[in-house]
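Please find the structures below.
Next, two complexes with subunit A in common: one pairs it with subunit B, the other with subunit C.
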Partner chain A sequence: MFGEKAIELVRELDRIGDGQLPAFNEDGIRQVLEEMKALYEQNQSDVNEAKSEGASELIPTIKFRHCCLLRNQRCIAAYLYDRLLRVRALRWEYGSVLPTSVRFHMSAEELEWFNQYKKSLATYMRSLGGEEGLDITQDMKPPKSLYIEVRCVKDHGEFEIDDGTIILLKKNSQHFLPRWKCEHLIRQGVLEHVLS
Partner chain B sequence: VSVMSDVLSEASEGSGDDSQELMTPAELIEKLEEAWLNEKFSPELLENKSEIVECVMEQLTHMEENLQRVKKGDLKASIHRMEIDRIRYVLSSYLRSRLQKIEKYFPHVLKKEKSRADGDPSYLSPEEFAFAKEYMANTETYLKNVALRHMPPNLQTVDFAKCVPEPSLDSFVFLRVKVQQENILVEPETDDQSEYAVDLEVGSQHLMRYRTIAPLVSNGAVQLI
Partner chain C sequence: MATQSYTPVPPGVGMEDNFLSLDDILLSQEKLPCRTETAFPRLGFLEKSGDTGDIQEGTKMEMPLWLAKGLYDSKRRVVAVDLPKVYREGWRTVFGADPNVVDLHKMGPYYYGLGSQLLHFDSPENPDIAQTVLQTFVRRFRRIMDSSQNAYNEDTSALVEKLDCMERSLFRSGQAGLHDFQRWEKGQSSQMTASSLVQNYRKRKFAELEA
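Here is the complex of A and B:
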């Protein structure tokens, strides 16, 4: 059945749920593109035949194939675009450096898109207000308290807080730090917010 | 609010800026909060409020500077720090929700901005406009390289305006009336209803379709809540 493979691509993303990025299905895309090529070639020859011999009974078939082509195109675009939205979300979740486990599931072109997106976002944030700009990927939640209790999940080394004090972030050590200084580290998985 | 205005007035003392003489810091923050809530709850992108964003950024810088001078361990310092954090949160959240809408509706946002007549207020700030254009170009290039250029010659373009969903202007929003309105026409919800008019009293709250009151949001007569 035409279009079957294309819809399978879309189903694959739907099944895996929001926010998850499965491995890029290069093979699936290739198969759909091949199907499209075949459909197009058949249509070309039928169109020529219909024109030269006036075989008007071919027209419904040609129309049908064209609809299949459009559907395949739409499904591929939906698959790729939906993945981009997931890739975009990664920038907000992990920051500008992605963990290898996530990058592993991205195609080279997706990585390129991600880098370009990262750059556009950085340019935008730098242009806000004064010279320094404003990092709007910070302050994701309304602040409730100034300091929070955090535990180190892995060794991170020395870390300077606003007033110049330097503390050592060692695995399993616990600290009471300004929230605005550790939001990033929490998201990167270096620190863990300890809820009492 | 009292603490906030206290901190802010302290912050603005040093600045003596002329552009802000018409607005006190407390009023500025109020304006920011209004813009923030409107943007958060409206389905479509609203006009940009670059002036407010710039003023608030400036205030934040002044407040940070003032904080540097307060001595360590002062209770006042931590209260001020908290206020700075809160204001920065509102500002970031406001800009974030705009950026999210720009990304989500980029073909429509760009179309609207490009077809805007000279002199009409622009929806996008120059920075947002640049961002939206880059986002569109990046996405276009990506789709072209990965799939479209491998497709038959008559199928190598995709009309984004048709594929990317438009904001749903018919969604319902909660609102509070700030300026008395008379004879607002409400579209019928069912076939046996006909169009009717309502008056909106100051301070009253309503649940209505966004489309009906969109002009009132942009001129500030109602506040989305």
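Here is the complex of A and C:
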């Protein structure tokens, strides 16, 4: 049956339901597009035949192929769109710099889109809250205090806070830091929030 | 549970079909027993038993829902769509007796979705199908809600096993709510946690390294 390659793309994303980005299946997309091209060409020649020779018995076949074309189109559109949603989520979970292992899974167009999204978001955040702008990726949960207790989960190297002090983020060391400085590091799994 | 910034496109409600929803695309891949009511020339290769180049009129074949829906036309006779056996009279009686014992995952796994989509094809049994699907849901829902709200730190696989896809997502929402509430009770809801996305990536990377 037609459309088998296309549904495989969709299944691939559905299997990984928690929002992780699997490698871009360029080969799968190409195969679907080839199938679509073949369907289109067959239909085109049958349409010409039906027109010139009045072969109206071909019409169900043409409709059949057309349905398959639309199906393939839908699968590809959904595949690309769902990936975009995942790429967008990366900006909020990882911050603006992505690890290379994640970038490796994106197509060139997706990388381009990610950069544009990053820029739009930054421009929007600069336009908020007066002179300095407002980082809306901060404080995803309402803050209760300005400083929080954090523990290092892994070695991260030196880290500078507002007043210029440099602290060494060494595994298992514990610090009392300004909340807004460490929220991203917590999300990235470098620090752990310790509740007293 | 950490806030997730990725939410997939939700499936359509009832007879609707959401174009970009992965779930709806997988649902429309379900096979329906069909009979062709016109010939399809030059497509014979799609049909195993046919030795001619055409699909003959009156051929019985399985079609995915998307194709049956695309070809079906109530005015012109192109294909006749038969009911899959779980929606037929016999099974409807079973669902009427006690829907709780039925393994909907094995029967479906898109029992409700497919049942609603079948209403697109004019069939005299449509009202009965709709009624059965609705009543099945109503009578099963109580147990799903109950178990999702009360199974805390337990192995839920036995509870989830017999649920249809839509019921599973309901169960998961219930569990997420329960977990969030328990965290709040313990005063942990203000604790910031690493993004589950980031953590899962890391797990996978370790697994790859070990392999």
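Everything that follows uses one rule, which is that the second predicted complex is superposed on the first by the 169 of 196 C-alpha atoms of A that agree within 3 Å, B and C clash if a C-alpha of one lies under 4 Å from a C-alpha of the other, contacts with A are read in each partner's own complex, and residues count from 1 in each chain.
Basically, a contact is a pair of C-beta atoms (placed from the backbone, for glycine too) under 8 Å apart; a residue touches a chain by one contact, two chains touch by 3 or more.
As the structure is a prediction and not an experimental result, all values here were calculated from the model.
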item: Which superposed partner A:Tyr81 touches (first subunit B, second subunit C, both, neither); value: both
item: Partner chain(s) touched by A:Asp18 [first = subunit B, second = subunit C, both, neither]; value: second
item: Which superposed partner A:Pro142 touches (first subunit B, second subunit C, both, neither); value: both
item: Partner chain in contact with A:Leu69 - subunit B first, subunit C second, else both or neither; value: first
item: Partner chain in contact with A:Glu112 - subunit B first, subunit C second, else both or neither; value: first
item: Subunit B versus subunit C as contact partner of A:Ala89, first or second or both or neither; value: second
item: Contacts of A:Glu183 with subunit B and subunit C, given as first, second, both or neither; value: second
item: Which partner, subunit B or subunit C, touches more subunit A residues; value: C
item: First, second, both or neither for A:Tyr40, with subunit B first and subunit C second; value: first
item: Residues of subunit A contacting subunit B in one complex and subunit C in the other; value: 70, 74, 77-78, 81, 88, 141-142
item: Contact set on subunit A toward subunit C in their complex; value: 1-3, 7, 10-11, 13-14, 17-20, 42, 46, 57-58, 60-61, 63-64, 66-68, 70-71, 74-75, 77-78, 81-82, 85-86, 88-90, 92-94, 99, 101-102, 140-142, 144, 148, 183, 186-189, 192-193, 195
item: Complex contact set, residues of subunit A against subunit B; value: 29, 33, 36-37, 40, 69-70, 73-74, 76-78, 80-81, 84, 88, 107, 109-110, 112-113, 116-117, 120-121, 123-124, 127-130, 134-136, 138-139, 141-143, 146, 163, 179-180
item: Complex interface listing, subunit C residues touching subunit A; value: 3-9, 19-23, 25-26, 29, 38-43, 46, 64, 66-67, 70-71, 78, 187-202, 204-205
item: Complex contacts: residues of subunit B adjacent to subunit A; value: 53-54, 57-58, 60-61, 72, 78, 81-82, 85-86, 88-89, 91-93, 95-96, 99, 103, 127-128, 130-131, 134-135, 138-139, 142-143, 145-147, 150-152, 155, 158, 163-164
